[in-house]
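Just so it is clear, A, B, C and D label the chains in written order, and each chain counts residues from 1 on its own.
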Amino acid sequence: MRVHVKARLDYDFPERVESLLQIEAAVADDQAVLDERLTFDPPVAVTRRDDPATGERRVVFTCQGRLAIAYDAVVEIAARDMALADAAQHAIAALPIDTLPYLRGSRYCPSDTFETIADQKFGGLRGGARVAAIVDWIIGHLEYRPCSDARTTALETYVERAGVCRDFAHLAVTLCRASDIPARVASVYAPALQPPDFHAVAEVFVGGRWRLLDPTGRAPVDGLVRIAYGRDAADVAFLTIFGKATMMAQSVMVTAI
Amino acid sequence: MRVHVKARLDYDFPERVESLLQIEAAVADDQAVLDERLTFDPPVAVTRRDDPATGERRVVFTCQGRLAIAYDAVVEIAARDMALADAAQHAIAALPIDTLPYLRGSRYCPSDTFETIADQKFGGLRGGARVAAIVDWIIGHLEYRPCSDARTTALETYVERAGVCRDFAHLAVTLCRASDIPARVASVYAPALQPPDFHAVAEVFVGGRWRLLDPTGRAPVDGLVRIAYGRDAADVAFLTIFGKATMMAQSVMVTAI
Amino acid sequence: MRVHVKARLDYDFPERVESLLQIEAAVADDQAVLDERLTFDPPVAVTRRDDPATGERRVVFTCQGRLAIAYDAVVEIAARDMALADAAQHAIAALPIDTLPYLRGSRYCPSDTFETIADQKFGGLRGGARVAAIVDWIIGHLEYRPCSDARTTALETYVERAGVCRDFAHLAVTLCRASDIPARVASVYAPALQPPDFHAVAEVFVGGRWRLLDPTGRAPVDGLVRIAYGRDAADVAFLTIFGKATMMAQSVMVTAI
Amino acid sequence: MRVHVKARLDYDFPERVESLLQIEAAVADDQAVLDERLTFDPPVAVTRRDDPATGERRVVFTCQGRLAIAYDAVVEIAARDMALADAAQHAIAALPIDTLPYLRGSRYCPSDTFETIADQKFGGLRGGARVAAIVDWIIGHLEYRPCSDARTTALETYVERAGVCRDFAHLAVTLCRASDIPARVASVYAPALQPPDFHAVAEVFVGGRWRLLDPTGRAPVDGLVRIAYGRDAADVAFLTIFGKATMMAQSVMVTAI
């Protein structure tokens, strides 16, 4: 599938500060960037901070005053098999070393506190079947409602039973880790999402590879354009400002061509 | 400095479960393992999960019943210059890519909530001088007292003004990250610590390299034997049990030879 | 001082639910309601739930659909001496029985966790002088900014160093209780507040009586019209809806005549 | 039923501080104190702080050094009908004014965050039937295990699925309040409890009166000797020390005669 991405950010920086921008499509086996352009108006000097190990692309820039950022890209997404049903759970001893950190608790995913709940609710299941049951439970019990903020963890989301995409992703990740299944958060562009916006989904390691899933049930994983992944939303913020700034406007358009 | 490490763990596993053990001295530029032995009584099959990227060494084993683990090592520690005074703070754009995750909030270090406090308390300082002031503040305001548990974050430690080594390390790491200084937690063996135990310290990236520091002020950093490092205690647990177990006994002896 | 109060609430109740309204000026020694009118459009049946013990006045009503509530009152406020400087702190044994609950932690005021901080920051002071120092500290360190929500406790406010009137009041109450000084939250109409709104302040028991204070420093306590008081904002909500409703509009005008 | 209570507290007070002691059987319609003795060794001056409104009895004393407190009482407990099955839920408008505070969130019972959960789990039930379902759910899902501390709220207990009597009581109270049913915590002596200790239970207002219930299922409510009640454990601590002290020993014996 070919996807056209258009992202626009308009910020006001009252003081001269550095920012880290992470909105470019990642380099990955299952997606190829055919064409892209990242522009700043007015122009700013940028330092690239791409990570060859993960395929993530990032720039750091310094700015004071008003700044408009535009990113346009055409990305080819390979067919992906994200089926969970038959994906086996790995023994810890059989997990690749680089998946191990995704078993640990993180800023928004205190998975260590959820072990008994994971057991009580999903105790009879393992691997992909367990992940699928977790996603079903989340879709059945959480309301999509903008009641959370930048401090909200999966613990509050679990109790309040509501949140936005990142909260759904955090809870899915938390329950998977509490089930000894490596899980992480990915920031993506999602063609079918309404209204269009930056989107956060979960990724779990079962059956020998990472599999994307959207615990909000709002975006099919097929056309997702991956930007970055990490332990949770703390790692994949699209803009990290090392100081103060005000968002003036922001828009995202994602179209399957 | 040459350091002799002796660690003994005695656990009871009521059911057959996997565990991840992380108590071996790491491979690093500034420390060399001259001699070591890791033994299990009764013997268990172990799968090594060493991470060549970080030098950390880990084994995964499966066990049911009583298990005694013994680790003995002699480690040569190079002279280390951990001086903070003149170490400059890096611009974000100048930080190595692999230090960037250590600017983010983590399970026990919600640094995103501490930005105003870091500013109010340490606003005039940067780099090593700021780190030194953070450590001084912690030593001056926190009491070393076992009042915390496995859920305690730096937020509670900051308000309660008490904790154990991991809590001191978490608060130091949190305030450094909130100051835009990469910071992480290291698990170590500390020769001078009284009473001897597994110990947790902080590591900050200023002046071009990582520098160890002990915000409890209880252990000189010179003879520290590094085991593992990570975003916080969630990453460097010496034993992670994927199921239930009971600690029957545990002891650590660390001697500078 | 004579104060004219005008409050307008406009809500939409999608289902038939009960609500508890607490916006009428309280009956108290230091304020007299000269004239008032509480109206509902469309009219609803109300059950009065006035509390003769506290002077608080409340109504419970049941409603479905759109409802406009209007409260108009003219209140005479007696001259109040809220001076803190010479007000002595009472021994616990000398406190009136009905002040004792205001020494305890509450929903938004976990004062039990703040004892060491209260000691470290205000250890040399007692009574009114200590309260005054607490208020000064709050005014000096907190920014008035709408970053909090209905779940925010004094612990988060203390760390984030920002909030709105209820957060300032919660932190003042918390630090006073942690200093063994009875403290509670009062909901009030404040003539000088800009922009006009429902307002929350603190009340402390020193020197033999309750003394109002505004830890935001935004409203002189002289003309405050007391509505209700309680352990914290949980007790003095102006509208408690036992179900769902949407606020369509809300306005408050308070004028010293 | 006639119950014999014996409580012994042995504390060391390093500095001269005040304490509030609340271990005497309350005066209530359904229990009569036939004989009792409260002694302090060495003797201390006490100020009685009994509350005639609630029947609770309390003393404040000042002490430095070692202090042994002994309370012995014989209490006659009337037959109590605590049956929940047919007890109707009251409309808010029909609740007695003094029950209204027990609908609000408190220190350990953040009931405002549990409304959706209460709805999802117990939505079809009201009144005593709903309370009974809440107690059943708690008994079925929580493990009695000393994993909590003086900071633990019902939110953590709900997620961790474990705790001691006060945690069970807090969760029951929280879920009842989130169901618009007034609920409070009572401290009691419980004849059948093993091992004997101070005990905390819940009390709910349905069917026209307060009804005791023990959400741990460990103590029949029949012989419970009521000491105090309040919004949660913050209000009913058996000993509140306004400063520091160390518990040296403590024992409780409660025997049905």
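Heads up, the rule we're going with is that a contact is a pair of C-beta atoms (placed from the backbone, for glycine too) under 8 Å apart; a residue touches a chain by one contact, two chains touch by 3 or more.
Here the structure is a predicted model, which means the values were calculated and not measured.
The chains that touch both chain B and chain D are A, C. Put simply, the chain farthest from chain B by mean CA position is C.
Although chain C and chain D share one sequence, what matters here is the overlap of their interface residues, and that overlap exceeds half of the numbers used.
In this assembly, the C-alpha centroid of chain A lies 41 Å from the C-alpha centroid of chain C.
We define each chain's centre as the mean of its Cα atoms; on that basis chain C and chain D are separated by 28 Å. Note: centroid distance chain B to chain C, computed from Cα atoms, is 45 Å. Contact with two or more other chains is made by residues 113, 151, 156 of chain C. Against chain C, in their complex, chain D makes its touches with residues 18, 20, 47, 49-51, 60-62, 91-94, 97, 100-101, 103-107, 109-110, 112-113, 150-151, 180, 230-231, 234-235, 240, 242.
Touching chain D in their complex are the following residues of chain A: 113-114, 116-117, 120, 141, 143, 155-156, 158-162. Every residue of chain C that touches chain A in the complex is listed here, in rising order: 149, 151, 156.
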